[in-house]
Amino acid sequence: MPLYRALPVLSLAALLTASTLLAYRMHKERVFPYPPFNELIFNISEKFQNLPSFSRPLGSEGGFRDFGGLLLGLRRLTADIAWLSVLQYYGSHEAAGHEEDHESRQAFGAGRYAALKDMVMRTVRLDPHFHFAYLYGAGSLAFNLDRYDEALELLQDGIQRNPNYWKFRLYVAAIVWKKKGEYDNMIPLLEEAIAYPDCPTLVKSSLANIHKARKNYARALQIWLNVLETEHSDAVYRQQAEDQIGQLRGLLGL
Amino acid sequence: MKLSNILPLARYTFVGSFRSKIFLVLILFGVLLLLSSFLLSILGQEQEIRVLTDLGLASIEILALFTSIFLMVNLILEQIEQRTLYLVLTRSVSRAEYLLGNYFGTLAAIFACVVLMTLLHAGILLFKGWDIRAEGLVYFASVFTSFEKIVLVSALGLFFSIFSTSAVSALVFTIFLWISGHFAVELKFLAGRLEDGALKTLFKGIYYLVPHFHYLNARDIWISYSSQFGRMIAEGTLYTALYSAAALLLAHLSFRKKEF
Amino acid sequence: MSSVLSIRNLTKIYRRSHLGRVTATMGVKSINLEIARGEIMGLIGPNGAGKTTTLKLILGLLNPTEGEIYLMDKKLPDSSVIQKVGFLPEVPYFPKNFSVEEVLYFYGRLSGIPDSKVRARADEVLALVRMSHRKTRMVRECSKGMLQRLSLAQALIHDPELLIFDEPITGLDPVGLNEMREMIVTLNKSGKTILFSSHIISEVERIAHRVGVMEGGEMVQTLSSDQWKGRPGHLEEIFVQTIHSRGGLAV
């Protein structure tokens, strides 16, 4: 066979070899920064099988959707959708069995939300670098629902997967102090946490409520004013901030 | 190979794409998708910008993917069926020039579509208070690597359409490679869990052979390798160039002896 | 007269494989043909005789199984010499989303005409095929007659030496037929060599200098105009006799 006829085939072999070698090199030099697909959380609703379908946690049956997202290379977006499910679940009125949990009608996040940790975990399995999900999940569990162990479990997972993200450790310390009832030790840590721009508003509102309960109205007012200034996306928080600012100004005689 | 043949073909294909109703409908659909992401992202509350960014980047990529697969798979087959290629191939245009002209013209049309959607999306993000100085580089690099995926998958689509001479099977093969390319790393993981044997070798073989789209997902992996970001983009670009060239060469080998 | 096109022992066997079974069909068999410069050569034969296959082999759309084709003394395929050929397909197919002039610019550019000259050349050929007033019309809005003229214009845009027309008069109305006949004669007078296929023998008789009769993939007979000139209908008689003598299909 003359050389010019073999040239396309030889070039093809060279290109395929070069691209495969490059793929091999990329693979050897970098660890893919995500857990393998078998660590995805598929069946949160399994724990709630005894409940009628309308009472199961909202959005807890999206395991195959998560897998589909990975197949299409849409990992972050799939994590976002799982995150929206968390917000939808935590922001909805929780039904326990056949009866409405009336408490949850009155205040956001005041239901039991048994699947919360699992749902947050499902989100961060998809995207372990979704720091906000860890902070929000742990903050809700610890400061709203008093489920310290679950919050710590979530943060430990976060630390393991993001060893350089030191703020998780700050939250761990604050939660441990809260678990022990040592508010004087916890408050400075939370004060430090809320100074960072990526701190969830939920943590700010929790700290403001703690200050208010401890009759430190001036600091509580400052925090709520800060919430009003920085929170633009959530109308519930803004409303809550406006109400609290009114009350606290009254208490302070302003 | 003459550039003076490739350029008119590319220009003609580019203009033809923009005048096709289906292409314009796809662009309109993309614009609507972006506008709807504007609404959906509100649900993300404090993570609104993140949701809006991810949703927009995914919309741009998926729409570009659909457009590219649809256009590439039908590109040559339609010209064979309508016999419009007779009047090109009976001139002094080589088959390789014909393929490249059509390929680059279609890619240019998709690129224009991606640029249009990116500008719209970036505009929405800025309107929402996005910090372009902090995240702009990663954002535009993500769009760039997304387009690299499109370059690669388009070359594969073109090859399959010529090789299989059926738009449906070409579509299936191309989508299969899109999926397995994103899942390649998981195939490697599965191979690692298997005992030594044929299946393990097969999985490993597939891992190295399928296009590694996961390394072109800058929007996903930048966070872990921010210090090596430039190098990753360079390697990804080289990889895209090599792999696409291989796919185009395969397309050429299938096309050069084809009869009409 | 020097030879523009020389076909030697040209054979095409179509091989199709389906589910591992290969079937072979004869396209054309051992065709030999010489076409001289300035000649109008007609290929006649019933449907399936191999006329279009022969033209496609010359144009490089099919690959010969055996034999050689020389165009202006260069063995095909050769991209430099194919530049000197203009092709008019049986049915004019153009992308619908372009205007008449855009189509011509495109084919002009692909035929090696520089960007600076292509517009002027397009105007010239549009005038030649009497389409100047329709140059901005979109292809999808053109009538069948206009498409036929556009098709002719694209074949002429690069001023080729050899014109290959596949069934150029099939399906034309009497006016169109007359115009096409005149066009072929005019082009020939301006020095073009023309090879065309047709099964309308009465028209071939009026235009061609020589005729090749094809049947069953073979070139059965080559006739020169001396053999039918001044005897209207005689070519048709020869054709029918030839086909019948080979036991072929009646026309």
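Lettered A, B and C in written order, each chain numbered from 1.
The rule is simple: a residue touches a chain if its C-beta (ideal position, glycine included) is under 8 Å from a C-beta of that chain, and two chains touch if they have at least 3 such contacts.
Keep in mind that what you see is a predicted model, and the values were worked out from it rather than measured.
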{"item": "Chain whose mean Cα position lies farthest from chain A", "value": "C"}
{"item": "Most central chain, Cα average position", "value": "B"}
{"item": "CA centroid of chain A to CA centroid of chain B, Å", "value": "32"}
{"item": "Chain B and chain C: spacing of chain centres that average the CA atoms, whole Å", "value": "41"}
{"item": "For chain A paired with chain C, centre-to-centre distance based on mean C-alpha positions, whole Å", "value": "72"}
{"item": "Partner chain A, residues of chain B touching it in the complex", "value": "42-48, 50-51, 54-55, 57-58, 61-62, 129, 149, 178-179, 181-183, 185-186, 188-189, 208-209, 212-215, 217, 219-221, 223-225, 228, 235, 238-239, 242-243, 245-246, 249-250, 252-253, 256"}
{"item": "In the complex, chain B residues that touch chain C", "value": "4-5, 8-9, 12, 15-16, 19-20, 82-84, 86-94, 257, 259-260"}
{"item": "Residue ranges of chain A in contact with chain B within the complex", "value": "8-9, 11-12, 15-16, 18-20, 22-27, 30, 32-34, 36-38, 70-77, 80, 83-84, 87-88, 127, 129, 132, 136, 200-201, 231-234"}
{"item": "Interfacial residue positions of chain C with respect to chain B in the complex", "value": "56, 59-63, 79-80, 82-83, 85, 87, 89, 91, 93-95, 97-98, 102, 106-107, 109-112, 154, 158"}
